[in-house]
Amino acid sequence: MNARKPACTSVALAVFAFGALAFAAAPAQAQSGNHLEIIHHPNYDKSVFMPFSPAIKVKSGKILWLAGGTALPVYHDHPHKREQILKYLMNDLEGQVRQTMDGIMETLKAAGASPKDVVHVFIFRARPRMGDIGKASAVVNSYFAPHNHKPTTTNLAVLELGEPEQLVEIQVVAVVD
Amino acid sequence: MNARKPACTSVALAVFAFGALAFAAAPAQAQSGNHLEIIHHPNYDKSVFMPFSPAIKVKSGKILWLAGGTALPVYHDHPHKREQILKYLMNDLEGQVRQTMDGIMETLKAAGASPKDVVHVFIFRARPRMGDIGKASAVVNSYFAPHNHKPTTTNLAVLELGEPEQLVEIQVVAVVD
Amino acid sequence: MNARKPACTSVALAVFAFGALAFAAAPAQAQSGNHLEIIHHPNYDKSVFMPFSPAIKVKSGKILWLAGGTALPVYHDHPHKREQILKYLMNDLEGQVRQTMDGIMETLKAAGASPKDVVHVFIFRARPRMGDIGKASAVVNSYFAPHNHKPTTTNLAVLELGEPEQLVEIQVVAVVD
């Protein structure tokens, strides 16, 4: 990650990234996981279990916008190949969410971002059954829990995704150095 | 629009936050409601009533990304509790939009943002009936009209939201100091 | 476009916009099409045809957020007029995508942005038939191909858009100087 960070070590200059003061002497401030401020309401009831944050403020860094991801490998042929669809798009929501999130994690890593840098997660489900929202959320959240991070999310069911077998599409916005 | 262009003719240090000049002596420039530039087409027909802006440019400030809001209180138990659903998710689109926007306004306030700072509003409706798009829009817009502000919007009906009783989910992107 | 660019002619200073180094001597760096960094996985298979980028990093510039666009003219009456619907919303997905993208191109131009500056494209389709995703993508991509640019995309079918005749809504996020 540090290797991809621009070498901004000029001495007599005030260096601003997204409006965040980043002295050459304190580069740690601009590292992964420090760009976001979780917004909570004043005096909110902490006993209520919230799997997502009400809002996140992007304090610094650069916006990283991901394509909508699916359970197919991130790099897959277009138009979609029938054998790839049958191989990767099983009738298993949690499995598809896991494969999709694995691809998103690879893309975040390729950009030098960590799960802690994720601002928003759109979860678009198809063929919904009662309880699916919670099942999809649980898998998505399991990728952020080890980082003690709760992105903002939007979780809804649409009429159809790219293929009839596709049960989920996940679109992520993050921030990187 | 030219009048809103920052005058970048500083002598000592040109300091840019999001590309917007922010003199230490002129913090007022960075205050709520001054971060956005409404984009209009040249010579557009002002007699056409537009409830939204074609585009908004984020001139300054920091991105504030809200979770998809619902008519439930912003802080509500997960998994959702049946009695909360029955209490808050009435079969009344405009009522649900109002409750959702009230929660969004609280979250904006908690982050130090005003309705004037809202860039985009995604309105996701479920169980659509003819005319619902206009009804939902009218309520949403009523929160911005007192501020003489028209965010960009996307207003569509999806197959299902978090609960069968949920008629709307609203996801907002704003900007704050 | 240049006319709308702030005159930042400071002499001995490093000027930062969004954290991107932009020497006064090299203003070209901040011009249209240079704000985005396409993110690819290391050692990805270049033989796979990908119509979109896995992720895009916003290196510099200012976020430009467009309203969801439709095949109606960008400026159209609200509530929608029946004769406008019948005139513009033909039962032809590719035609509607083309009209929608034409409006989006006009709005980008009005803001001083080019197709090369587009970060993300949400394509929301209604009344989906098999193959529609590819048809819609092909038309959308044709607007970016001449610029050798592949935005990140999310392409899905929803239950209903603003009118029963509306087959597509496209929502774009871009970056401008």
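As written, the chain order gives the labels A, B and C, with residue 1 at the start of each chain.
Convention: a contact is a pair of C-beta atoms (placed from the backbone, for glycine too) under 8 Å apart; a residue touches a chain by one contact, two chains touch by 3 or more.
Only a predicted model underlies this, so the values are computations on that prediction, with no experimental measurement involved.
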Neighbours of chain B that also touch chain A are C
Across the interface between the identical copies chain B and chain C, with over half of residue numbers shared counting as same and under half as different, the residues used are different
When centres are defined as mean Cα positions, the distance from chain B to chain C in whole Å is 20
So chain B residues touching two or more other chains come to 13, 16, 18, 63, 158-159
The chain B residues in contact with chain A across the complex are 13, 15-18, 22, 60-68, 74-79, 106-108, 110-111, 122, 124, 158-162, 164, 169, 171, 176
Listed in rising order, chain C residues that touch chain A in their complex are 13-14, 16, 18-19, 21, 39-42, 44-45, 48-59, 63, 119-120, 126, 128, 130, 133-134, 137, 152-159, 173
